[in-house]
Amino acid sequence: MRPSGRNLSDMRPISIETGVMRHAEGSCLIRCGGTEVLCSASIEDKAPSFLKGSGLGWVTAEYGMLPRATNTRNRREAAVGKQSGRTQEIQRLIGRSLRAGVDRRALGERQIVVDCDVLQADGGTRCASITGGWVALRLAVNKLMAAGIVTSDPIVEHVAAVSCGIYAGQPLLDLDYAEDSEAGTDGNFVMTGSARLIEVQMSAEGATFSRAEMGSLMDLADRGIAELVAAQKAALG
Amino acid sequence: MRPSGRNLSDMRPISIETGVMRHAEGSCLIRCGGTEVLCSASIEDKAPSFLKGSGLGWVTAEYGMLPRATNTRNRREAAVGKQSGRTQEIQRLIGRSLRAGVDRRALGERQIVVDCDVLQADGGTRCASITGGWVALRLAVNKLMAAGIVTSDPIVEHVAAVSCGIYAGQPLLDLDYAEDSEAGTDGNFVMTGSARLIEVQMSAEGATFSRAEMGSLMDLADRGIAELVAAQKAALG
Amino acid sequence: MRPSGRNLSDMRPISIETGVMRHAEGSCLIRCGGTEVLCSASIEDKAPSFLKGSGLGWVTAEYGMLPRATNTRNRREAAVGKQSGRTQEIQRLIGRSLRAGVDRRALGERQIVVDCDVLQADGGTRCASITGGWVALRLAVNKLMAAGIVTSDPIVEHVAAVSCGIYAGQPLLDLDYAEDSEAGTDGNFVMTGSARLIEVQMSAEGATFSRAEMGSLMDLADRGIAELVAAQKAALG
Amino acid sequence: MRPSGRNLSDMRPISIETGVMRHAEGSCLIRCGGTEVLCSASIEDKAPSFLKGSGLGWVTAEYGMLPRATNTRNRREAAVGKQSGRTQEIQRLIGRSLRAGVDRRALGERQIVVDCDVLQADGGTRCASITGGWVALRLAVNKLMAAGIVTSDPIVEHVAAVSCGIYAGQPLLDLDYAEDSEAGTDGNFVMTGSARLIEVQMSAEGATFSRAEMGSLMDLADRGIAELVAAQKAALG
Amino acid sequence: MRPSGRNLSDMRPISIETGVMRHAEGSCLIRCGGTEVLCSASIEDKAPSFLKGSGLGWVTAEYGMLPRATNTRNRREAAVGKQSGRTQEIQRLIGRSLRAGVDRRALGERQIVVDCDVLQADGGTRCASITGGWVALRLAVNKLMAAGIVTSDPIVEHVAAVSCGIYAGQPLLDLDYAEDSEAGTDGNFVMTGSARLIEVQMSAEGATFSRAEMGSLMDLADRGIAELVAAQKAALG
Amino acid sequence: MRPSGRNLSDMRPISIETGVMRHAEGSCLIRCGGTEVLCSASIEDKAPSFLKGSGLGWVTAEYGMLPRATNTRNRREAAVGKQSGRTQEIQRLIGRSLRAGVDRRALGERQIVVDCDVLQADGGTRCASITGGWVALRLAVNKLMAAGIVTSDPIVEHVAAVSCGIYAGQPLLDLDYAEDSEAGTDGNFVMTGSARLIEVQMSAEGATFSRAEMGSLMDLADRGIAELVAAQKAALG
């Protein structure tokens, strides 16, 4: 039995509310259990300078967490004066993941910045950021297409992410904070709507795992991603 | 007629929803028209070192704004590597204002950190932060008292804040972003529930104002503060 | 009786010595009692980039304090690696205040940077910086006009500033450091030579004040500003 | 045929020279083809403060690259004033990987810092850092044991890492820089001497991959790790 | 003939006014021609931590320059967020030079911080800082001795500094800014009151110099230092 | 007898190995006793902006030290977030020294960046950096000339540097770390292949020295530089 009382392959309830930020070109509030992330997508007319003249667009992401999103207050990164290594790692992952589902030539020389700000944290914030960030991105691109600025759809695939881990020798899907703290091995799978892999990050702290266990985790991930993609579709109506 | 179509002395609709952050000792989401600020209060067992042995507590505040809270995306302060002068000015104001309503001896040698994070901005974010921050602070102190950690109530007064300004020669209450941009003179009044002044910040950019105009603005502020204090009371039930 | 032994409405002796920095286009050393601030105005041929093509000029200010201007040595901000919130708040105030007395169109697309460096501090350094900074600015603009670079005088008004506060229930004018430390309420009035208000910043730390007290402080400020403007005129000959 | 002309499952020549830094408790220079990393392990008598009183030790890592280790000169991070997100990601990976092979209780309350500095870069620098860093760590621990400071061997397992990728539809082992730039999918496997997984990081930039491909990459990784562990053993004599 | 019209071995007029900063334990304003430096010495009861328990004291220095001390305005280091390499080099030199004249055991475990702030710059600011800084240090130490806190005089020697250079093949003493800009070779000699050397820094930019020229410069330095030490004595009465 | 057992005027063994970094236009590994510095020269097509249109080139240097180059581990400057004052002082010295041997007009409007990274430190790292940096520079310039990009040789002179000091009243050549720690007076001489002086930096910490001693040190320096220049010639073949 897992700490949360869920079955091994059970996801937490997912909710995705769109259009929650009035200024952003695309936005949503995604809730996965007790984790809540506010995602927005901002369109910028210029691509980063390294793409000048290439005809290619760019999608990038930034990640933050409110100081009291967690059980004990974290120091505000703006006050500390720098983003932690963890924050940078996460926002690089979100950006790479979203780009994997985008035809950058169809997007044209512009940039979309996806901001993912964690309002409440209970494990899986980076996965929720990817899944919700993709919805914000989809909505912003819809706006570009509705305005005729972009004609061929640059969004090629759904992109979603889910965490898995091994707890007491059992593979678990969608770990909450308590489970994540206990799991010797855990990580994230970023996948497309057609069940192809974009990013696999599996990591053991003070433990190791076998190829067979890796296989079980991938089975769980397939299942979780399908549920998340369904939630994305439902939210977009 | 003012840009928003409101009467000169009309406030925007106010809503204060409490208990929105599960981890914080006190929290609320305050909405003043299109402005939304998430406020939390975190209790820390230790006072800052300059108070060591004094028997006095401390209340401080931090302020932030999501990059896309505004019409065009602002750079994330954590990524820039420092808080702007504006941010620091605002968070110092919030802290001073809240402390004015607190008996620091009754609080004892501990610190309460009030975080005010702007989710959506449409003018008056620092005022909403003070008004909502006070509610979060009140709730956190309630918890200290319920637990018997603090016995005499350290909260002496309601504290709330409202903006006023002069637009086309007319004094306005509670400016939204469009009005604030147009007003030659504007500023903020922080007041107690008993209509005493805590902080007055009135500033003219490319203009000046008279003592008579200052008087009209104070009349408006009295009115606005009364409404805000009523909303605080309603939210706390 | 106030700590300094002065009458409630007495200013400290004021002295403004012009032309003290050989390289600056305008400069003065202002002394208000034990407070000494070295002010310089530097003309730059270019306005800040946000004004490009607008035909408007800009006036900005920077503020600093020598480490041993005060009773105990402060850490040097250049060594710490950033300006404190207080420093930024003050230099933003000085800049806004000086701009209120300037016709930015008459100035044309150039920038004047006013540096205010406190050599000795005994309360009221931001007010002395504004009053002295205006003299430096006036002298620099005189140079632009003498050279025919600017033809219509961009300086529309004298600008000066004075502090007021409430000590032991009495309103005081021009607080020195000892008085400022004791006063529950204190703040600054920035005004023009024609007694109009530019900026009012009144703040109570651990106290509150009434509208009637606010009125008394404004009476004192009127009186102080008149004296400061007279000193500016005398210094400019 | 792969760009380097090697067979798909061929590693580049590996050389590990130990004892190259006279001051370090353990050190080696590892060469994997054109990639050269200088690794040192420094023993510190104190564990980080979060472990105080726990009886547990810590292993951490720092990573750097000489400005001209690469084809075009990179800016020196010390001059820029911060470590890039990439650098932080890599050094966190190295630290986690090495800790997976360490019994932290046997190590006792002390810290070993492993520095990995890339003298020449031709792909796979993070993998070489892990493989070489482990050798430096092993030597430093040997010294602790020889001195009787540590009695039960805290090193539980060999730890080594290798990169894999998919190029033109083919799975490749141990990518050099040219191959890495061309591969749509690539990543790293960190494994123990007994072929268990510690960390899997597989990432597709502008592409996706299947579970079957993931399997082929893991086959290659098994093979590469065996070769690297043999090289570690040979170097340690 | 040198640019300034002075004879090759002529110093500029020197003036040292003591007691100019009311709060500092020792202070002076030193003027060497058009160069003006405000020097203060602040006594701190604690020595730096690396001296804890050693019985030895420390003397250190910080150096700054007002933005408009020079012909064109320099950016304020506090605003830039760091001290330049030049500033750090200078303040390290001042500290080392002053320590050379101090018996650190007689000083006891305390620190004296000498701040040198350039109000006006016309060449030779680091030399003026050393010469004036020594006077401030002497005055602060006098205060320690008068109070009986220190009983044996920790000041062993006068310390003063002068610049020399080679201009158009001729050795010059005490270069002003114009001369310094033209000289291919220039540098500084820090010496004691008994004509012994503390520090020699001679540097050729785009040129070289001979041992014979080095000799001539040392002859000039002897002469200049004697004059500076006489000025120090006169100032101290 | 000196700590190292060498004769007073004995240099440590010197070795200079060229071409050690495959990507750099010029490189060498210089060893002076136990000190090892990896030097590279990188050609950049653009000169710094302050030289735009001048027809002049630039040579600059950066210096770093691996954390464990020394007996106890130093904090990594990239992690600390800034270069120390010592590092900046050294890299400015290396740059000035190398420029003294270069005809910047012959070099043309381009920049050569010389990186000096200390792999092992045993005293004299800045001198080894200059001597080795010159070899890397020479090799890079050779490449420019071989390619016909530069036609007249911009390298006018050999540049090398050696340390000297006074230990127990005796002048010593080429101090190792132990000697340097004990010497009351020490410093560096940068000279040309024709025995002219470029830079003299002699410094006494807690001591002073005489002109006669300065003369002895210069005699030693002459001798050491001759040996270093011979080693440079031998390395270049």
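As written, the chains take the letters A, B, C, D, E and F, and residue 1 is the first residue of each chain.
In the analysis below, a contact is a pair of C-beta atoms (placed from the backbone, for glycine too) under 8 Å apart; a residue touches a chain by one contact, two chains touch by 3 or more.
This one's a predicted model, so the numbers in the text were calculated from it and none came from an experiment.
Graph distance from chain B to chain D, where chains that touch are one step apart, equals 2. Inter-chain centre distance (chain C to chain D, centres taken as mean C-alpha positions): 59 Å.
In this assembly, the C-alpha centroid of chain B lies 28 Å from the C-alpha centroid of chain C. Chain centres here are Cα means. That of chain A falls 51 Å from that of chain F. Within chain F, the positions touching two or more other chains are listed as 81-82. The ring of chains, read from chain B with the first step to chain C, runs B, C, E, F, D, A. The touching residues of chain C, counted against chain E in their complex, run 21-24, 27, 34, 38, 40, 42, 44, 62, 64, 66-73, 76-83, 87, 113, 115, 117, 119-120. Partner chain A is touched in their complex by these residues of chain D: 82, 85-86, 88-89, 91-92, 96, 99-100, 104, 157, 187, 192, 196-211, 214, 218.
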